[in-house]
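The same chain A turns up in both complexes below, where it pairs with chain B and then with chain C.
Our next item is the complex of A and B:
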């Protein structure tokens, strides 16, 4: 029998999409760590999380990932892109690269992605809820309103985030994200 | 109705419904290759003689009930789950039959996780998609109509030490069979029939109006709403109406199937927290919060709520109502239903949080606990599926009105 007429198929990698998602995860990780130092609401949210909080946001099965957590001093830090050797307390998995692209090109917000079953969360669900609130605030800092309106369920009103807080916070978050401080 | 760009729907539970459906249990166990079930239930169910009915149905079939565990508390408890798992292993059981309302069924699901994964602590499986393999055979027999737990992939178990309710979500938590037998709810008193059926109503309405809605869950939700609307008051006033009881049991199962595949929103966000902090029964919380959540979300769900009104009030009332008024009328209908149930149960069905009392007549939701409830609610994952966003201030606004029993001032709602 000629088995060669049934060739093995090696799936190609989606190189550009992987790079894009990797960059976005890196920026989000650094930006959240920056916001934890610059924004009092984000600071308060992290204060209520457990002392050994360590989360992983990544793409299954072997996609890019981002690790974020508190160090021994309780400071929130971006911990890199590899979860090996780290005790993860909350794991948010985006089910595939295409779903990650929908989220990171803001075609779907985090909550819509959850409703459409694109995310799986294991670990403390209250921590996941806090993380989504933090992510919404960070997206408001990083992006203009016209894009953020697609990424969050409700753009913050003035009573929730004054223009002063938004613009000062934006400068601080961008500076800290770029410089890694 | 728009089809969402992506959805998933799965209901692998075989539903068996009838006035004498329990008699099929031995053949179902045989299909599952099980002979030594453990029955998990609560004292209310054993006290009402319902376990005797189940035992009679199994008599003479060769099936040996290895253990009957009836110490499930009103809220499924983490400690009880871990203890019952040890009983399961000690007695050499090979399957689980859960008989009861949401708590025994959720407890049974928790026990199933522990015994199937050979674990010692349930909490390591909290979250979504953590359970990755098939569990032991399980049959669910609901005795309320109801939480719909017999059809759901969720188990909610309270950790009373931390005062939170933890959710376990996996397709493997779906029971193999759900048996709806009218004898199981026949003796349910009116003041429990009312909130449990309103729980099912909430599941169906939230499934239809929240972000995870899809065509399949919509179909089951609308049917559930219609069946509850037609039968609930009838059954509360005439509890031995077996056809009505069977209809409510089916409605509850349909609602469970629906919300299991489209999730729920603000009513459950506040309801879980109120149950966790103040130990208010789940159905009571649902019936109180339902009209408030609908008011809060109104600007986002107006069209869907108008379609819900068709199922609630029937085609004639729907046709008589101007299209722009149907959504409002749906909320009015729900409030009126709560009022009618309050009257039919001699005031036992609570319409607002300040009317919730325990058996000794003590108020269960003191006003100074509202802030704790809201802080707990902010950690509930059901908030992701609510159409409108909310923060601490929004939830305090809603819960204060729900405590007083006054409608929301919608001009104060921050719209996204």
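Our next item is the complex of A and C:
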């Protein structure tokens, strides 16, 4: 047999998809930190999490990833993409880049992705559930209803999120996300 | 459900099925501490774009593919296995991935025996439970072609049978981009293999409840999708459902005693060269009639797999088996000219029936009765129910 006819293959990197997921993680990370200041439900969810809460949401095996957690003053901050030197209390890993693309192009909601085993979590399960709830609220602020319907488990009714809360919250979340304040 | 006094069930494979399933292969192999698989496929039996799809799915992982050998023979032979052992070792591979079915999976299991156990002659392991230890990880990615043994603990190499739990795959990945049928013949044959394997789980005297629950999945997939697949074989959703059914049917089959229908179909295929799915389709209705006439240990729960809960609950117990058989015959006649009505129509000469019956008995280690085989074959040849 001529071995050269069957060469070794190194599958290529999916560069554009990596960039897209990196941008989405950056935006979502900053938006969560912004919503923790602007939205009372998100604020309450974070209040119930441990004081040293620090999470990493990333893609196996080579990233990208984002770090989010409480600082010494208990303020929720987006802490970049490098987990080096940070004490991670909850690690959420999306099993591969295509699974991340399904999530971040809203073809699969976070809850459906979790049910389909696309995510591996190490840490406290209640913390992970709280994070999924927070993510649903933040996505409701960030995206129009027509898209967000696919991204969240259930689009909030008027009684759960009034239009006033939604539109004021949206302005605040977008402003804080863009300015990083 | 009939409560058995005793049963055993074995399935070590993790099943990943659905959209982007193949993208999980690097992570799954990493769990076995493996990073460099040798990939086997048969370009004559599978579409050429599957190779590209497989490589794309591994993108952005740390995995290197030792080689993709896409020239695997239709039937596994020791010559090709030895060549591939050389390729496996030359590239420093640590695992196997088989894309497709039939010879591809048998060759992958053969290579895996040699490289994992460090032996030169694998025929010392031919027979039942002769393999002494675990083998390297084996991932199977089924496509639209199968012969019935892929997901089981069996391999057929140079017409010698290897049966051991260590031959079972570790991961089965049913990815919807890999399972599109090329024509309705392919869809029909694959469905018939699953149908026979599932039906024979319900025919077994032991009534293994876990095996029949896998068979139930296979029957439901066939019930809902068989007719659709004949009409639109390239429908992705239908293909995925039938291949999922095939995986369940094979796991059920691996945990059941050898059945007479599958044994006869396999022997017929071996002697005449017809596809096994086709052979099974011709024999099945006659074998069911024979089994029914001889009051075999047929579980009425088969009707649950072929109907829904309401219909099952409202059918009197005494009518369930008859209804199930009628339903199966209806499915087969729905395939029209794809399944001939008799062995005579397949141009099989009558003097071959004796050889087919003997081979079926031999292949099952005398677990099926020669006289039963002869009567079923005779009836199938004539095209007249017993």
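Just so we're on the same page, the second predicted complex is superposed on the first by the 175 of 181 C-alpha atoms of A that agree within 3 Å, B and C clash if a C-alpha of one lies under 4 Å from a C-alpha of the other, contacts with A are read in each partner's own complex, and residues count from 1 in each chain.
Basically, a contact is a pair of C-beta atoms (placed from the backbone, for glycine too) under 8 Å apart; a residue touches a chain by one contact, two chains touch by 3 or more.
Small disclaimer: the values here were computed from a predicted structure and weren't measured.
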Original post:
Which term applies to chain B and chain C once both are placed on chain A by superposition, clash or fit?
Top reply: clash
Original post:
Looking at the overlay, does A:160 come into contact with chain B only (first), chain C only (second), both, or neither?
Top reply: first
**OP:** With the two complexes superposed on chain A, say which partner A:175 touches: chain B (first), chain C (second), both, or neither.
**Re:** neither
Original post:
More residues of chain A are touched by which partner: chain B or chain C?
Top reply: B
Original post:
Which partner does A:82 reach: the first (chain B), the second (chain C), both, or neither?
Top reply: neither
**OP:** With the two complexes superposed on chain A, say which partner A:9 touches: chain B (first), chain C (second), both, or neither.
**Re:** second
Original post:
Of the two partner chains, chain B (first) and chain C (second), which one does A:115 touch, if any: first, second, both, or neither?
Top reply: first
**OP:** Considering only the touch criterion stated at the top, classify A:152 as touching first (chain B), second (chain C), both, or neither.
**Re:** first
**OP:** Considering only the stretches 58-66, 130-138 or 310-318 of chain B, report the one that runs into chain C.
**Re:** 310-318
**OP:** Please write out, lowest number first, the residues of chain A touched by both chain B and chain C across the two complexes.
**Re:** 116
Original post:
What does chain A use to touch chain B in their complex?
Top reply: 91, 93, 110-112, 114-118, 120-130, 132-133, 152-155, 157, 159-160
**OP:** Over in the complex, which chain A residues touch chain C? Could you list them?
**Re:** 1, 3, 6-14, 17-18, 60-62, 95-99, 102, 116
Subject >> chain C residues touching chain A - in the complex, by the definition given at the top >> reply: 18-20, 23-24, 26-27, 30, 55-69, 83-84, 86-87, 90-91
**OP:** Note which residues of chain B are touching chain A in the complex, please.
**Re:** 4-8, 126-130, 164, 166-167, 210-212, 263, 378-381, 383-385, 388-389, 391, 414-416
